[in-house]
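Listed below are the structures to be examined.
Below are two complexes that have chain A in common, paired first with chain B and then with chain C.
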Partner chain A sequence: MAEEEEAVAAARETSLQLPVSTDYKRPRSKKVQELPILERRNWLIHLHYIQKDYETCKAIIKEQLQEAQGTCEYAVYVQALIFRLEGKIQESLELFQTCAILNPQSSDNLKQVARSLFLLGKHKAAIEVYNDAAKLNQDWEICHNLGVCYMYLKDFKNASEQLNYALQLNKHDITFIMLGKMHMLEGDTDKAIEVYKKAVEFSPENTELLTTLGLLYLKLGIYQKAFEHLGNALTYDPSNYKAILAAGSMMQTHGDFDVAMTKYRVAAYSVPESPPLWNNIGMCFFGKKKYVAAISCLKRANYLAPFDWKILYNLGLVHLTMQQYASAFHFLSAAINLQPKMGELYVLLAVALTNLEDIENAKRSYEQAVSLELFNPLVNLNYAILLYNQGDKKGALQQYQEMERRVNKIKESSNNTEFDPEMIEMAQKMGAALQVGENLVWTKPAKDMKSKQRNTSSSKPLTLQQPLGSNQALGQAMSSAAGYSKSIQLSTGGSRQKPPSLPLEPDVCTDANTGESSFTPEVKDK
Partner chain B sequence: MSGSENKDINEVNSKWLDAHYDPVANLYTFSSCVALADLNGDGESKLVVGDLGSGASNMKLKVFKGTSLMTENTLLDLPTGLVAFHMDQNEPRTPAIAVASGPFIYVYKNLRPYFKFTLPPLEVNELEQEVWSQAREDKIDPMSLKEMLEGIRNKAQVPLSVRSLKFLMLEHQDMESFVNMHKQQPIRRQTVITCIGTLKKNMADEDAVSCLVIGTENMEIYVLDPEAFTILSKISLPSTPAFMDVTGQFDVEFRITVACRNGNIYILRRDSKKPKYCIELSSHAVGLVRVNKNIVVGCTQETLHGCTQKGKKLWTTYLPASIVTMGLMDHKSRGFQAVLVGLANSEVHMYRDKNLVNIIKTQDVITSICFGKYGREDGSLIMTTKGGGLIIKILKRTAVFDEKDTTPGPPVAQSVKLNVPKKTKLYVDQTMRERENAVAMHRAFQMDLYRLRLTAARAYVKALESNLTPMSSSASEPLKMNAVVQGLGPSFKLTLNIQNTSVCRPSMNLAISFWYDEKLYSLKTSFFKIPLLVPGLNYPIDTFVECLSDKGISDVIKVFVLQIGRSNPLLTAHINMPVSEGMALC
Partner chain C sequence: MVLDMDPLFLAWSYFRRRKFQTCSELCSEILEKSPYDQAAWSLKTRALTEIVYVDEVDVDQEGIAEMMLDDHAIAQVARPGTSLKLPGTSQGGGPSPAVRPVTHAGRPITGFVRPSTQSGRPGTMEQAIKTPRTAHTARPVSSASGRYVRLGTASMLTSPDGPFINLSRLNLAKYAQKPNLSKALFEYIFHHENDVKNALELAALSTEHAQFKDWWWKVQLGKCYYRLGLLREAEKQFKSALKQQDMVDTFLFLTKVYIRLDQPLAALNLLKQGLDVFPREVTLLTGIARIYEEMNNITSATEYYKEVLKQDNTHVEAIACIGSNHFYTDQPEIALRFYRRLLQMGVYNCQLYNNLGLCCFYAQQYDMTLSSFERALSLAANDEEVADVWYNLGHVAIGIGDSNLAYQCFKLALANNNDHAEAYNNLAVLELRKGRIEQVRFFSGYLYGILCMFRLN
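On to the complex of A and B.
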């Protein structure tokens, strides 16, 4: 113990007379020549920067710059990085340019100048600076960023070249994501899927990649794979909002409303103000025939996104089901104002108008629907029924024939088409009423002709709940004509909900999911 | 921190005992500047801390024993890193302390200064040397010196010295004296140490002789001989090292893993002058720890990556907050290794591979972590906080860390009930009413809508016809007017801003008149002529309004802009006068 104390005492004494202390003291002392090393606090600046302790970092930088009269390159560099994080991009650009003057040999400085230019939206200037940097030192980052710049300039050829080159240099998830995005912008979904497949192979636990790949499969209608990838994404991150919404909408399609709801609860916890989420929850309730809850949720969705016509569409649909035709009319006309190009909306509006006994406008609405919707036979069937009920047999016959023509066309384009039994039944009744005889259209008399026909009595249109046709619909609406085959099977005699909106960024697919709706209004006096 | 709160934290982390907490220990330090070592060879480990003081002054080398400060040595500059190592075979086997600071390493033995190592100076640009020697002989004046140095800076591979850089920043009048002051001295370029580690020389024993491994600002790694302090090996890196981990023996085989400032990790091996493997991270590394043969890196993007020795990525874990520091927990007697991650949310997470096995809640954000033998206790965890506190915890002997993954299972949110808005009975009643009377409601609505539209259209046409709007749309005199009322009353100042919106035609022969209730208001001038209006300019015209009523009522004042010789006004503004508050108060 005594020894130790001695040692301590000795240490204290000696510490005051360290042999180094005299010549170590910097310029202020007698000798002027020894200037402080500019980089002496770089490590401390770096340490505080990566610990995200920006206040301390800025204080040290300020001191360092005062000491070095602004010549300490790294201090300026980190100051610029912090400015950029704070959103002062112009200031950061100026500082990075200062760095590039202090050390013109460093490609890193040029890269940061370019990055700031990129963030300011000056893509062309950024590309030039990146090219200068590449002359000094070619690496993954430069190629990747060049690719992104070209992508924003819509020069897809150069973009894909640079991004692929970046991938050759080094594989990064972000490069895969950008390349995939670029292919999506080009409209080449298959290539995008290829890219994402490779990306998932490379980093199998990246939920963003998994979700995006799942959504792409969904868009192409490959549901098995879509569900697989979305499921994987949810395994790694059970609260991934996008994956939950996409997987939930698939579950809804298959009528698993309860499972979908459990998933949505997780999403509702993390993103409580998402319009598509509340829309989907609303349609889940609709599927479970809890109409009041459905309306509540849809109204919340509408409140959150008043200009989303899909929510208005669904609201219109639910109100039709609830026989609140006057309200339905308002929601539908609002939807039409926002999306005037969709036939289904006009059909729904026509159904509402029919029930509001405004036959003239209903007819006009049907006319509009027929002219916009060139493939769906249900539009014509519904119109025929209305005309027939009004006693216009000639017009009804015309629409009926048009319907037959469309049905045949669909059959030609694919052989395993299944039509909704309710629609077939209704069509057959209509055919009988119009005395067009045994109609030959329905070669494949629907297997189960469950008489779903409800009240043929007065003003109650048949709106039967249809498992959300969303995703399939989503696929086809995109691939239009040829892809119609399958959707017809979906479009049963019930009015259809608007597909749950998918949580993708708009450029990926949200506007794709146009489900078609079909209606079987009552056949009155038959 | 109150006692009860401490207790709560204890209960949550039943695996640790709180040995000591001093919130005002006044320590500003990082994981690289903390070490545990048996400095006196008495079997009791001491805590050695390189304290950065205020960040500019008061730097200290502090040694703690138990809960108290044992010794304190003043440091001359900021300590970058600190290691305890055996530098010779002498008995008793007490380790020396090496403190890296600026371009120097100070070696302490028995806590006494023993040796100072200085980094070798860097190569100086020959042209620069040449230019300065000319300056010394007064062959060139400061201005041409400046020009030449600038030329060198822009082209040369070897960067300029501090002196030249400083000189280039000077104002014209200071140059001469600067040159005179410095020209006699030789030019030197120095670099600084950024990280320090140790590497066993030729034996793997715990107390074997170790070499010092240092990373420098100019992107190099040096391995130093422990006795002679000569440079045994020098390796260049593509970027400045920030964190370093060393394993192996110098004479046999070793690996140095370095996280650099460019966001890459380089793995160096014996006998290779260049990095053997490179891991490109997508963000900066905040900490680097080696567990057995794998490397665990914490990134600024709140992620933790596991990699093999050869740079292959094994796993990634996402953390709830950004990482501040990392440390290795190596409990040798139990053969237990884990990574300790200090987070910005004042928690320390313990990971075995990618599995979270324990969370320690702390009173403040942890800036340094060190686990090892302290005093005579093997499982001690030493942490310092951002506020300068010192926390010492001891691992309970009964503590067992579950091997199984603790993360999965459905998220808690799944069982939270959905907040579906409720509907009232009134709503249901209204729904019923709508069902019964939908047609009538619709018709009534449509009817009213038409009426509304008609009324609106009529009003609009009327306004257009009688120039009641504050915008004149007539082609000959396009004018715009707005009015501002200032004051609380009973006197108000009424400012009319009139603007001629035509492209080039000035307006002439205009006048303004007012219409108001003479019982309520009086205007000083209720008619005046407007001067010629130059297009585009704004003409403010003031008048004063006196409110005559004390009943707290207000009315509308109408303003007409007239053209002399026309009966219809060009435009009209209705000014809703505010209630006169001044009168009400009286």
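On to the complex of A and C.
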């Protein structure tokens, strides 16, 4: 919706300005001989119209139309424009149609009729009228608008044809943007990038184009180029919200939290109520191990966007790290309610449940995760650890093998995947414990297996020495399981890299939020 | 034989024990016997005054008439930060309206309802009249017509055989000569009869008789002028009174004048001057805090409320305001402590439990949340309160991701108060998430209707 409106607004601007000035001249030059009296006040109407003095303008138009019995084209035209500005699209359409009848030779009138139809959402009718207009006079605007109409009708072939033709006639940023958007709708990111590249060549200082191109590169994982373009955008406009957010999240992924924070600080001034921004700030704090601040920021983000499961996911993660398992459980279950198809959420939920000593439900949660997440070996590893700790060696072995299978698959598909070292270590320990350590899938040579085994067996005294935070009793009650479960959190933390970069597409959430301005709980007066 | 007490002494005793009705009856008896007994007459006037006495210092709400026919405003369009009329011209410090909800008039919600919390003026006369008189937005047509008239008629009821003193036949000049009678008489005319014109006349004569040296008469003159809407004259009198004698009351009255003149900065200066004379005076501190809050400068307001609490640690208004401020600045745990303190002090109502419930939820103390809300529901006094509690429960439901429960909660809020605009909005958002555009149109249609009704911004 928002995009559509944006496009409409942008296109309206271009289409509004052109006809006014031309129309102003046209009646004078052409019709002066035929109807000198009827057209004599056109200059006045025009003057008031461009001064935005619509009330006076309407009054004059009314007089003029009474005098001319409704045949004064320019007066009707301006009246229709005013109606459109007032949001009365249907009325303005009717008046433009009158104009077209009064002067059928003018392509401007037809264009306005089509524009009104477009605004009413009648794209097919609009296309017909545009085609009629094109017969009279072919120009950039008609082609562009035809392209947009085709795009909304999902006729991408014709759309790209028309938009490209428009580009041939005349290069405009807006056409580039529409063409890029169309390719994105098609799902053809490469083509979209091509278009935006050309657009950036044409107008290298347009920050919107630069940012979009950067975001596209980011989507494809070409970080170097993405960063380059986002950086360019930021040099032209240091407070560009989208670019800051995207660049910041890239820095965050590389662990450069302080720089990211300074970037976010700039953005927080211009957009203090953006949920993704607060989410990313929260995850910055998390990365710097300032957990209380992280929770505070994430909660604000959640307050601003209560339906965003990514924020809830992060909140759950931070609470797990803080060993506040009940809170973590609540946030994670809320996230699952909003997004039931995400395996990682179930893993985190299971970890929370394990720590709350609800083993049955933890197992069920793992089952769900395994069935949803088909590629991530982490899920199986965690499940295997839980089963092993429960004494179910058989089940653990099964999960372990499944994990190995997945790891192999990932290795086959791409050569240079790097696994989290913590996860590798954990898996090795696990393999040793299950006595399947010989056929390791990891690249590491299976040296000093024995010392590792000793480590696992001696893990019990180790955990007791560790500071366990607030729930000491709980921690001590757990036997060697504690050694594992503690590192489980950390190993699931391997997926931590993901959340901060998840919400980096800033335009994802703009849609829903516009209507939600008062979506805040109220503490009543007392 | 029973020894009768001296009736006048008995009347005095009744008066001191605040049995004003008996006191005035006794005085009537004495006056029947000896109509010129000045002591009894004076006592009776005082007793009658005490029955209807209202503390004038307490904030009163500006009526529509005063607001629209206000010719004291210095600038039509005040600079931001210098006026109470423009909501939303935050001078920093306060959270944005997206974080902290606002009232119908566009001010941030405070923690405590008082007459002026609804302020924020409508732009035009037309708009002011169109604003519906619901419980949320009730604003009297004029401040003189509401409370004062009722007080005036009350005086008629207490004395069935006509008024105690016939003002039109009173020789005010004569009474002005007698300082011992005139003060009681003035208070009687001002509070009981509510006849500001005669009161003003008496005050003017008396202050002249006292050779303009009695600060008390000047304050009374100022009160009369204020009531009549002659703010500049009132200001002059109060200032002159302050020159002679520093009084907390006078400072507060003068502040009221400045607020009516829409000069919050002058009011603040004055109150701070007052604090120099009366260090750490609670009423002055509260006054400053209230003005800061009205000006949307929440940080400073909180500072002063904290100062108030240092002096008077059972000040309900201060505790409530600080609590709500903590809640809206993402510190529900601390807010919870303040609200618990209120509970310990014996405040026991729907709003408090509602706030406790919300704080518990956002501070992740889930075990207490629902029981608090349950208690809030059972304590709710009217439908609006029930609706608000359900509305908040809807938010809790959203917080745990249960959109069906949220939907039902918002519906219940609407069932109890069918112009709850926020609930309509949130229902529309929920429908949008489900992708049911028709329903969204339906709810947003309602919402639009309500917004038109309230003329929000």
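The rule is short, and it goes like this: the second predicted complex is superposed on the first by the 370 of 526 C-alpha atoms of A that agree within 3 Å, B and C clash if a C-alpha of one lies under 4 Å from a C-alpha of the other, contacts with A are read in each partner's own complex, and residues count from 1 in each chain.
Going forward, contacts are C-beta pairs under 8 Å (C-beta built on N, C-alpha and C of every residue); 3 or more make two chains touch, one makes a residue touch a chain.
Predicted, not measured: the structure shown is a model, and the values here were computed from it.
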After lining up the shared chain so the two structures overlap, which partner does A:Ala335 touch, if you call chain B first and chain C second: first, second, both or neither?
-> second
Could you tell me if A:Ser327 is touching chain B, chain C, both of them or neither one (first, second, both, neither)?
-> both
Scan A:Gln401 for contacts with chain B and chain C and give back first, second, both or neither.
-> neither
In the superposed arrangement, does A:Lys299 touch chain B (first), chain C (second), both or neither?
-> both
In the superposed arrangement, which partner chain does A:Leu312 touch: chain B (first), chain C (second), both, or neither?
-> second
Quick one: classify A:Arg265 as touching chain B (first), chain C (second), both or neither.
-> first
Given the superposition on chain A, which partner contacts more residues in chain A: chain B or chain C?
-> B
Chain B and chain C footprints on chain A, overlapping residues = 272, 296, 299-300, 324, 326-327
Quick one: in the complex, what on chain A touches chain C?
-> 272-273, 296, 299-300, 302-304, 306-307, 312, 324, 326-327, 330, 333-338, 512, 515-526
Residues of chain B defined as touching chain A within the complex = 30, 40, 42, 52, 55-56, 70-74, 76-78, 80, 102-104, 106, 108, 110-113, 116, 153-154, 157, 159, 162-163, 165-166, 168-169, 181-182, 184-185, 190-192, 194-195, 217, 240, 242, 261-262, 280, 282, 284-286, 300, 313, 315-316, 318, 322-325, 344, 367, 386, 408, 410-411, 413-423, 427-428, 431, 434-435, 438-439, 441-443, 445
Contact set on chain A toward chain B in their complex | 4, 7-8, 10-12, 14-16, 18-21, 24-25, 32-33, 35-44, 46-47, 49-53, 56, 59-60, 63, 68-71, 102-105, 108, 140, 170, 172-174, 203, 205, 237-239, 261-266, 268-270, 272, 281, 285, 292-293, 295-297, 299-300, 322-327, 329, 355-358
The answer for chain C against chain A in the complex is residues 96, 98-101, 109-113, 117, 320, 324, 327-328, 330, 335, 347, 349, 351-352, 354-355, 358, 362, 364, 366, 385, 388, 391-392, 395, 398-403, 421-422, 425-426, 428-429, 432-433, 444
